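The letters A, B, C and D name the chains in turn, as written, and every chain counts its residues from 1.
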Amino acid sequence: MAKYIIKMNKIGKLNKPVLIEGLPGIGNVARIAVDYLIHKLRAKEFVTIYSYSFPNSVFLNEDNTIDLPKVQLFYWKNRKGRDLILLTGDVQPPNEEDSYLLAEKILEISKKLGVREVITLGGIGLMSEPKESRVHGAVTDKKYKDELKKLGVVMNGNGVVGAIVGAAGLLLGLGKLKGMKGISLLAETFAHPAYIGIRGSKSILQILSKYLKLDIDFRELDKEIHKIEEVKIKRESERMKKITGEIGILKEEEEHRYIG
Amino acid sequence: MAKYIIKMNKIGKLNKPVLIEGLPGIGNVARIAVDYLIHKLRAKEFVTIYSYSFPNSVFLNEDNTIDLPKVQLFYWKNRKGRDLILLTGDVQPPNEEDSYLLAEKILEISKKLGVREVITLGGIGLMSEPKESRVHGAVTDKKYKDELKKLGVVMNGNGVVGAIVGAAGLLLGLGKLKGMKGISLLAETFAHPAYIGIRGSKSILQILSKYLKLDIDFRELDKEIHKIEEVKIKRESERMKKITGEIGILKEEEEHRYIG
Amino acid sequence: MAKYIIKMNKIGKLNKPVLIEGLPGIGNVARIAVDYLIHKLRAKEFVTIYSYSFPNSVFLNEDNTIDLPKVQLFYWKNRKGRDLILLTGDVQPPNEEDSYLLAEKILEISKKLGVREVITLGGIGLMSEPKESRVHGAVTDKKYKDELKKLGVVMNGNGVVGAIVGAAGLLLGLGKLKGMKGISLLAETFAHPAYIGIRGSKSILQILSKYLKLDIDFRELDKEIHKIEEVKIKRESERMKKITGEIGILKEEEEHRYIG
Amino acid sequence: MAKYIIKMNKIGKLNKPVLIEGLPGIGNVARIAVDYLIHKLRAKEFVTIYSYSFPNSVFLNEDNTIDLPKVQLFYWKNRKGRDLILLTGDVQPPNEEDSYLLAEKILEISKKLGVREVITLGGIGLMSEPKESRVHGAVTDKKYKDELKKLGVVMNGNGVVGAIVGAAGLLLGLGKLKGMKGISLLAETFAHPAYIGIRGSKSILQILSKYLKLDIDFRELDKEIHKIEEVKIKRESERMKKITGEIGILKEEEEHRYIG
């Protein structure tokens, strides 16, 4: 059971805070979504967690300074409704035990801050790129089902999703044991390791903003999606040119062969 | 040494309780047997054990709610004889240390409840499907041997079974160190990972019901066995049709080849 | 750091006891040597060590009873000289940490019993079967060198042996930190996993009996060596027959081929 | 979390000591550099650290004595400036947790001795042997950048180096959390496992001696580099002869083929 180093700033009382999880995972869907929320809402960092179970290395920043891998909590004071606690980070612990332990630590901190509801995010890795990224739901309590369905969340039981691995699963499961309610929102994405599941992040954020009555400006996210699409189209057309080129060479060779 | 979370309801005094183990394993023989007992005897859950060594994920239920992987104890008050404590669960710990630790926890709880005898169940994975599923025995004490032989248990020394791995072994071994007696009943089954060792479960339950003088109705289990057999026969006949079909195609192709 | 369960009987005071290690390892050289000593000297078991780091299973005995994997200490009261503590067992811990921890436990017990000198045994796995099994030495203290050379131990520095892995190494290394002196006697043997290094065991025992002035009857060990040799010769001659047979078949085939 | 055994001699007060890390790693660049410093400055050993996470074996010395794997601190009293604490050793811990823990132990000891600045060394493994071994820098604090650039250190952000793994990274990262400043100097070397990165060690030492105003005699190091070069040239010329020989044979064969 690895040691944890937790740095925490005092913050004022929060109003019925909701914890939203966005650690790295399939398609990085969760992390992109939460990082966008942090950016757009100008949420403030107040907890940094280091752990002996994280990679035994430091990352280099652009200015040559170094940082240990870390997991962070941000908070956002909502003038119109419930406050948010946003969980993001560089890593998820590599083994079962430390995965449980990190979830436990985060729930302990959250409980002290008054969190009664946990929303975890994640991706469902499909074998091909989905045209639209549907969002599937899992809950700690049946009462959630109708509300989530109305928001467009697919509630298909355990047909598509059999298990939720990592922080997205454990924060709900361990939270339930501590008397917290919770939802997991899982967006369909592409299982390719290099795929950036930013469309899935948007699908989740659209549901999340309705559920939490947030007013999120999606323009920056759309620009990012657009950029990625352009890169993809460019790559694809280059790939086509290359293939055409290769076919050209092939033809020449074949001609030579037939000639010779 | 992973942390454990144990939820326990108080129950009244038990009459000379016997612990019966049925955790997942080869052919799932043990778990099916104990789950059938729980179902038929209407045993009541009273202990739930979660562990940081279990998979770091939650399972989805059909109603979209989630559950952490767990191990459970049920009890059954027997009007005619000794009470039972029944151990079932989703998983066995993945490593040596946590396997020992879980067995230790269960024995501690059992000892406090007055358990002096432990019966562990399991499967012996054969290379082909056995026609009849014989039950082999292992004991903490030589005195058991004659009684078990009379009940039809094969007591062949260490010829067939060299070691008993996991909870089925450790509950006997660690129990012995705590002054408990015990039996392991191991049914022959098929080592194929997809094989459901339900016939082995029945063989064990037949011996168990004689040993503990239980009156178990096997009709539901027989129905299940029948269903599995039917699925198997259906699959087999489909497989035969397919093969015949493929042979047909093959013939056609061969004919074409010879014709062309 | 795995839990240990230690069962210990009280024994009277020992006279300048020497600890001799014989846990499983290359060719099982060490274990065979120490088990033979225990057998011949009629040493008495007084410590049993179980550990959560040992395999999570029980072994079956011929009489259908089960036993947890264990490590044991035996003692032998020597009328003519120093008493012996003999270490044998079913296993060595599978990882670094538990390997250190077991060595530490054994040294703690040994120190309390007055042990100041530790002798560890082991095999050096060669790529082919050695004709004679030479014994190489490693020591905690240079003063040992001349005496060991006189007894026939090869003291070649770190030319042949670069490191001693497991209990044989750690009992010396950790013992040295506790102020104990020690020797490691390593017999050349064959690195094949199925090879029984009983000749190496004899080489070690011959040196050990001179060093400790023990009067060991080697006849039983010689019988065992003889038996193994016979099995080997029988196997070899069968293998030759088989090869000859196969060559016969080959010849026939070749003839056919040349004929046809 | 593995146990540590720490042996420490008392030393007098140190003058603004700097910790310099030189544990094994890519090309052994760091260890060679620090061991050369220890040798040239006649630094004195005062701390030895053993750990249950280190290999469970002992190394043999040339005189047949054995030693547990260890990590050591040496100190050097500098008459003209800041004192040095030099870290060298046989190993780095094999897993994340113990890597953190060892760094933590070393920082604890260093902090008590007054260390405020940590310099860690390492190699960057390139796919081919670099002609000159440039030194890249990483820092805890931007203020270092100009000074290091003046000394010839490449400060390219995270272009070449993305992460620093092991003690070289963690001593900076964990040190930063304890209020220590630090630099990592990483020399380009060849990623081949058998390559001795002694040229990289020299590049680092040249910068280090300027930064710390040390007067280091490089002649012995140059001799070593020369020796390695000679061995390489000899091997290369033998390899060329062999190839020429093989080409000779090839030619003969070809001639035969053309003749035949």
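Keep in mind that, in the parts below, a residue touches a chain if its C-beta (ideal position, glycine included) is under 8 Å from a C-beta of that chain, and two chains touch if they have at least 3 such contacts.
Computed from a predicted model, the values in this text were never measured in an experiment.
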If a chain touches subunit A and subunit C alike, it appears here: B, D
Remotest chain, subunit B as reference, centres from CA atoms: D
Same or different residue numbers at the subunit C/subunit D copy interface, by half rule: different
Centre-of-Cα separation between subunit D and subunit B, whole angstrom: 55
Separation of subunit A from subunit D, taking each centre as the mean of its C-alpha atoms, in whole Å: 38
In subunit B, residues with contacts to at least two other chains: 1
Those chain pairs that satisfy the touch definition: A-B, A-D, B-C, C-D
Subunit B partner contacts - residues on subunit A that touch it in the complex: 1, 95-97, 99-101, 137-142, 145, 155-158, 161-166, 169-170, 172-174, 176-177, 184
Subunit C residues touching subunit B - in the complex, by the definition given at the top: 1-3, 5, 7, 50, 52-68, 94
